[in-house]
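I have a structure I would like to understand better, so I am pasting it below and will then ask my questions one at a time.
Chain nomenclature is as follows: A, B, C and D, assigned in order of appearance, with residue numbering initiated at 1 for each chain independently.
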Amino acid sequence: MLNIGLLGCGRIGQVHARSISQIDGVRVTAVADAFDAPARALADRTGAAAMGAADLIASAEVDAVVIGTPTDTHFDLIQASARAGKAIFCEKPVDMSADRIRACITAVETAGVAFMTAFNRRFDPNFASLQTRLKSGEIGDVEIVTIQSRDPSPPPIGYIKSSGGLFRDMMIHDLDMARFLLGEEPVTVYAVGASLVDPQIGQSGDVDTAAVTLTTRSGRICQITNSRRASYGYDQRIEVHGEKGMLRAENMLENTVEVATPAGFTKAPAKHFFLERYEAAFRAEMSYFVAAVAGRTKISPGIEDGLRAQLLADAATRSFEEARAVHVG
Amino acid sequence: MLNIGLLGCGRIGQVHARSISQIDGVRVTAVADAFDAPARALADRTGAAAMGAADLIASAEVDAVVIGTPTDTHFDLIQASARAGKAIFCEKPVDMSADRIRACITAVETAGVAFMTAFNRRFDPNFASLQTRLKSGEIGDVEIVTIQSRDPSPPPIGYIKSSGGLFRDMMIHDLDMARFLLGEEPVTVYAVGASLVDPQIGQSGDVDTAAVTLTTRSGRICQITNSRRASYGYDQRIEVHGEKGMLRAENMLENTVEVATPAGFTKAPAKHFFLERYEAAFRAEMSYFVAAVAGRTKISPGIEDGLRAQLLADAATRSFEEARAVHVG
Amino acid sequence: MLNIGLLGCGRIGQVHARSISQIDGVRVTAVADAFDAPARALADRTGAAAMGAADLIASAEVDAVVIGTPTDTHFDLIQASARAGKAIFCEKPVDMSADRIRACITAVETAGVAFMTAFNRRFDPNFASLQTRLKSGEIGDVEIVTIQSRDPSPPPIGYIKSSGGLFRDMMIHDLDMARFLLGEEPVTVYAVGASLVDPQIGQSGDVDTAAVTLTTRSGRICQITNSRRASYGYDQRIEVHGEKGMLRAENMLENTVEVATPAGFTKAPAKHFFLERYEAAFRAEMSYFVAAVAGRTKISPGIEDGLRAQLLADAATRSFEEARAVHVG
Amino acid sequence: MLNIGLLGCGRIGQVHARSISQIDGVRVTAVADAFDAPARALADRTGAAAMGAADLIASAEVDAVVIGTPTDTHFDLIQASARAGKAIFCEKPVDMSADRIRACITAVETAGVAFMTAFNRRFDPNFASLQTRLKSGEIGDVEIVTIQSRDPSPPPIGYIKSSGGLFRDMMIHDLDMARFLLGEEPVTVYAVGASLVDPQIGQSGDVDTAAVTLTTRSGRICQITNSRRASYGYDQRIEVHGEKGMLRAENMLENTVEVATPAGFTKAPAKHFFLERYEAAFRAEMSYFVAAVAGRTKISPGIEDGLRAQLLADAATRSFEEARAVHVG
């Protein structure tokens, strides 16, 4: 039985708690949150003890921590958890600063603890199946990766202001997916963006519509587009073009019903947002973490993957600001 | 060069004239119609001579006739054309009476002329491809055939009254398709029907909504549904379930455009009606006739196919009237 | 908190136990099975007490029973549970004999207990959404219902022999679905069938391939096809054609990945069988039962629905045996 | 009746001849080619006279010329045809040099003749429908345009060497499509590319895999990917994301047949190449030209559109060569 301490009892913490309840051999034994109410609510639901973060990390009843707190708290929690010898599952981004992520890498390596960066989309059954088939050589070498990623609607402007910007907050998922699929590290990044959805976003110095082009050393290309708005649901599509064919993963729709009328044939909209769309992915990533901590599989994506995605997001931000292609690596 | 005389210059005659103009090695040399205006119009367009039906059949400038006149005139035109040694392409149904079709068979066989029954759907590129793959054994032996066939809207009530009823007028196409796909002759027919679309159709003694079940000696099953109304266009779908899988042909849509909105993902309606939907089929059936007359392929479907489809339509009509399964063959 | 006693700890009992674990306000307090091992295993997993069926039904710790035992035990368990005043959730078919179902109706009505017949497909999110839209009038009055239902592969021949035959064992789900969608009771049933999948099934007196046509008083039509084999997964499709359009629910596929190669564009096979395909339906039907017992909604489908589906299955069996259309109701 | 002189009797000239034969009110009266055989063959098929290009342009029997000769001959033929007062339909690219296109603009404007640049894809019924709906405001203002354009296989290396490079030879179609859809002129161009398909292409200094990002003044974004190889047919897709939704046009497949097997559900490959895929587009663009010359509609795309697409292709080429974003306009 793996005993987990949940750091952060907000929306994502609750998602992880629900996943854990459905996996054999793991349970939540402790929860902590900066606020009392969510911690108590989650403690009630899971039967875990609510306590302070420091106590949770120190607790002998905790084998592994799941960090789902605000990004600016990750650094200290990682350092403390590593020192306490806990296995660590940490939400993305590991930190907004690449240098601080490097410091976390040192801490994690020094302590010799397992560390998984929660790029949940790698565990989406659709994308995971696509990547497995890709790696098996089904379409030969990768040539072009195309990623469309569009949220149903923008977050509150307050969130935007402290988000680090679209490239670091939203596109980081797609940049990790690009690495997951390209089979080579990107070496150039070119980013464009604009505020077409909500002028307030533009006024705050961020963009809500963006596109990035990545290239690898051997010439593979990845194109990504992001929008903070999609009227038809959470638009999450991937396409990989290779030597022998193409693999693509379409949106998951709300259901399989289609209506035919004089207007044509209408299928349901895409599943609304990440909680519905990636429900299976959240469960699968937690299962994977549990299996990895138990030594049944290699941990992945690791903290190094968290760093590399952050470096790409930083490069995309710089490319956008300086209106030029930027080299990475 | 094959010289064709067109008997009937209405809508379907014009379709055949247009097909002929796009096929190498064939031309329209004479046209005839009960009315002057359409005959002259088609003569002008094709460069053919307008004349009476008897003269056309007798003309040395005519190698083959295309019969697209009202059904009740087919019998005499077939008899005369056979006697004159012309190859014959005849619209379905050959005749409303199975006995009179048998008389035509005698005439055609006596004269030794080629005869093709215009079941155009066999030549639809989609259905033809499906049938070719079926015959090649791609899904093994046929087990269940499902045919959906729905017109966009009912014909004028005047047409209905002289049509012979839905089973003979509309479903005959699907009954021929069933024979084309089943690989065995149907031995039982069970039909149900109702007037759900237009009460006038029911009052005239016909149905506008119907379903038929066919079985063959070895137990293969075919289900057909027909409706005189489909708000979303001309609904023409076929599905064959076999030992090793399923082959199906979906509707042809007006175009490939899809719009995504909060209502979901909407594709275009089905192509409106038979002129658009079966444009390629009309051209292919005429090409096939020309090739068969030239001896490059075996003629098919022949007059025997016209008879068998009519016998199935008669059986379906009787089954519906007597509310019981009917044996055929 | 609703306390549930599980009668039957086989595959379907385990499905219900898992569903219950995910629903707030309900728990398994007792389990019973004719065999010790499965009862103990499920008791361990759920924290419930394993006991004999009679004790379970008598237990004050049980508010409602979930009957997932072999069909021939349903009658006694229903009688006893009704007398004990327990709410009853019973797997289909309620019983193989319509008369004995009628006796159960009397027992349930006398006791005044809630009774739900587990036609799980009504709770499939796709089919439920289709039916809701249908009832809302989105496509006007129903005209034609088409149901395709094909298992991936036949059950063991031993199962077949005690199954009551395809119409009662397999098609009963589709006959209930037909009632759910038609909006009127069927009045005629015509059935055909054959053994095309496995000759042993034919030798045992059953069929493995079948089709039924239903009609209602006002002339609505339903066509159903069943096969015990579908190489491409569990084929579960529904289509309703109405005055203003068509609603259809397509298969659920294993994932959304599509590969494009010289052979064309290939999507994943259908979800393999009922445990995967109807996972959400099983959960939803149990949620509905819990809500109905708590008085938050009306129970449905009830025991009367179980009877009517059985009467249709009986009629289909007789129609097949006597090769004629059969009147019901 | 509009009399057309065909300059160039190769593949594309033959396509235009066939289109013309199917349009009322227009005919081919003269044909010219650098080689005798193709000119005579096309003269035979159309009933036109074969002659030299100069004679054709001078002929009083010619109202309009269709230029389908090699690109390096366009300039002289345009100059001569404009001086002769002929309406001009010219294959893309108008010329490889923007300056020479500007000289052609002067010649055409001085002569006051109609000039249409043959960007056939604007007339594809799918893309045309998409653009019409876009312009009607169906999805609000354009935000992101995504264009996938992949040939089934690379042209001969000899062709590549004289093609002007992928951006000018192949992507020019997509750059025109981007202009057609964006609703604003692109102001920045960023291009990447590699030779992943055929090393000979790379050795000749060209790329076979490429991607371009365009932005407009208001911040709209277009991403284009090109490949000289697609195993699954001619991949031609467009997607436009706007304020209120998304419009996309999927590939045209060879037929509507789908097979279901243990491997899943397989649809036909995409129509093989441009002759099949754009058959309707070729016919529609010629109809449009005929209508425009007859004054029934405004000519479009004009010679200015030819220039602007060329300037974008030049910019993309420079961007690729210099590995930086390039400003245009």
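One rule holds for everything that comes next: a contact is a pair of C-beta atoms (placed from the backbone, for glycine too) under 8 Å apart; a residue touches a chain by one contact, two chains touch by 3 or more.
The structure presented is a predicted model; accordingly, all values stated were derived computationally and were not measured.
S.K.: With centres defined as the mean of C-alpha atoms, identify the chain lying farthest from subunit C.
M.R.: D
S.K.: Looking at B-C and A-C, which one has the bigger number of contacting C-beta pairs?
M.R.: More C-beta contacts join the chains of B-C.
S.K.: Just how far, in Å, is the C-alpha centre of subunit D from the one of subunit C?
M.R.: The answer is 57 Å.
S.K.: Take the average of all CA coordinates in subunit A, do the same for subunit C, and state the distance between these two points in whole angstrom.
M.R.: Roughly 39 Å separates the two chain centres.
S.K.: Enumerate the residues of subunit C that touch no fewer than two other chains.
M.R.: Residue numbers touching two or more other chains: 230-232, 235, 244-246, 260-262, 268.
S.K.: Using the touch definition up top, name the residues of subunit D that touch subunit C in the complex.
M.R.: 230-232, 253-254, 260-270
S.K.: For the complex, give me every residue of subunit D touching subunit A.
M.R.: Residues of subunit D touching subunit A: 141, 143-144, 146, 148, 150, 188, 190, 192-197, 209-211, 213, 215, 218-221, 223, 225, 227, 229-232, 235, 241, 243-246, 323-325.
S.K.: Which part of subunit B faces subunit D closely enough to touch in the complex?
M.R.: Answer in residue numbers: 22, 125-126, 129-130, 133, 138-139, 244-252, 255-262, 268.
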